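In the two complexes below, chain A is the common chain; its partner is chain B in one and chain C in the other.
So, the complex of A and B:
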């Protein structure tokens, strides 16, 4: 029943199904017990850089990363 | 008698050693030119050939090491790529794969590698993307690129600057995982307007062969249109859907999730093909280095032999002149 009510909420918050499912997956990962928990969380690291192009010119690239730059 | 034989030998060697015309292609670069040798110097320095041999040997070592690294990386990623095929197969069974769909806004997602030295996999995916671009751009349709990876970017920037919408790189800094790819997919969904996404990647078949593949993901509206038109997507009605969502909501969720799953598989398959291609490329380049080394050794020994022979002739002819 919860999902029925939730759909319009996360959709209207500007999330896509992917973001929504990622948040859910992260919640499930946090429910694991300790040795597995940190292992599962450390496995899912995000790092890449995006640059948008407008009229054949690259904009400044932004780095999407959840690990701080060393 | 012996002297005559030697003289004949030397005559056979002389043009070989000092000929300015290259006998093998690589001789032209290593055979010292006449200015280098200088007048009055009869023997040729073997320094150049020796240096060249050393550098070729080093290159061979490097390529061999790269091959080993690629082989071990390949083994790890191959299992993941093959497991990830289970993610998109249900979607294709349910929604179908319609590469021939005709829509207004096409977006080609070209997947390539960040690093080079991996044979032709990047140029094949770029070539397929260009062909798709040509096929799908018309007077009333538009076609844009989204590029993943440094190498595809370098190739596509040259002729299709205007059509590039988004470029993503540094994907493989950490180990590829679903969360990362889904964030990539999310960024593409949010930043690019599309009716159909065509993902171009190299599907891993074996270490030496990979098939350039396209996967098509339609936007929810197009999926709905297609499902009303009947066909495979129309089968969705026969499924019982939990919760109170409308069909269009379900389709939208499904299309988004399909895109991230297909992307995940595509990125993994491409990474796997990249390692396979790098392995075979490095294998053949270390073999080539070996061949080159053989030829260089041959030249080196011949040159050395020739200078020894010349010296011998000099000594013998000097001695015989004294005797005579």
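So, the complex of A and C:
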């Protein structure tokens, strides 16, 4: 049975809902007036480290961060 | 053969469950069931008391849960709204007259007694009407759930009151993305530019409308 529901344009372009929603939120944050804009942007900054695991052992971690390296 | 399968799926099972199990099995419209969570599972409490009579039995997670507010039999006069963001709760159990949400199918008005709905929201204006006051927020995207007991849960990723939006940035964004849309090559670029155009034009109409 083929599904005939119309897909949104972003899904047919390969984007997931979360990516779409985050892009929309970032665009709205960029359009805010000054004190609110810097609060919103600093609120959303992330800093985390990711490592892939192979054979039960973590490999070298990569750090993903919005704060500049000192 | 298929007729038998369908018949078996339709007949409901008639097993009796203990109180604790009964609280967790699925039912249509669980707002109709009020769970008595104060005493806990009676079998467990009896077994515990046999082994450790001087110690109170531990509470199970279900005893900490507040039962969902039941569906009233007459139409309630107010809508109870929970409007939440990932980092803050804008409205928590606020009693209002009406809420208009920007669903992907158009502006949807939610009044007390609205049919239970799940709506995906698009970037647009949310307005909360209470008496003669209207509070407006611009929402980036999210979902709205209306429950049978006239509770509405609105979840948004970003929601800003209109006076925090900078019109100059909106215009600049709109022209930038319209230009990117015409010069975009890959599907993904086109989709991103289209999203930019959609969000900025929604911001624009929210500011001017």
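Definition applied: the second predicted complex is superposed on the first by the 55 of 70 C-alpha atoms of A that agree within 3 Å, B and C clash if a C-alpha of one lies under 4 Å from a C-alpha of the other, contacts with A are read in each partner's own complex, and residues count from 1 in each chain.
Keep in mind that, in the parts below, a contact is a pair of C-beta atoms (placed from the backbone, for glycine too) under 8 Å apart; a residue touches a chain by one contact, two chains touch by 3 or more.
Quick caveat: nothing in here was measured; it's all calculated off a predicted structure.
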_Applying the document's definition of touch, where does A:36 land relative to chain B and chain C: first, second, both, or neither?_
second
*Of the partners chain B and chain C, which touch A:27 in the superposed model: first, second, both, neither?*
second
*Which partner does A:10 reach: the first (chain B), the second (chain C), both, or neither?*
second
*asked:* Looking at A:58, would you say it contacts chain B, chain C, both, or neither? Reply first, second, both or neither.
replied: first
*Overlap of the chain B and chain C footprints on chain A, residue-wise?*
21-22, 25, 43
_Per the contact definition, I'd like the list of chain A residues that touch chain B in the complex._
3-4, 7, 11, 16-19, 21-22, 25, 43-53, 55-56, 58, 61, 63-64, 67
*Which chain A residues qualify as touching chain C in the complex?*
9-10, 12-15, 20-25, 27-34, 36-37, 40, 43
*asked:* Quick check on the complex: what are the chain B residues that touch chain A?
replied: 161-162, 164-171, 173-175, 177-180, 182-187, 189-191, 242-245, 249, 252-253, 256-257, 259-260
*Of all residues in chain C, which touch chain A in the complex?*
87, 123, 138, 140-142, 157-158, 160, 164-166, 169-170, 173, 187-188, 190-192, 194-196, 199-200, 203
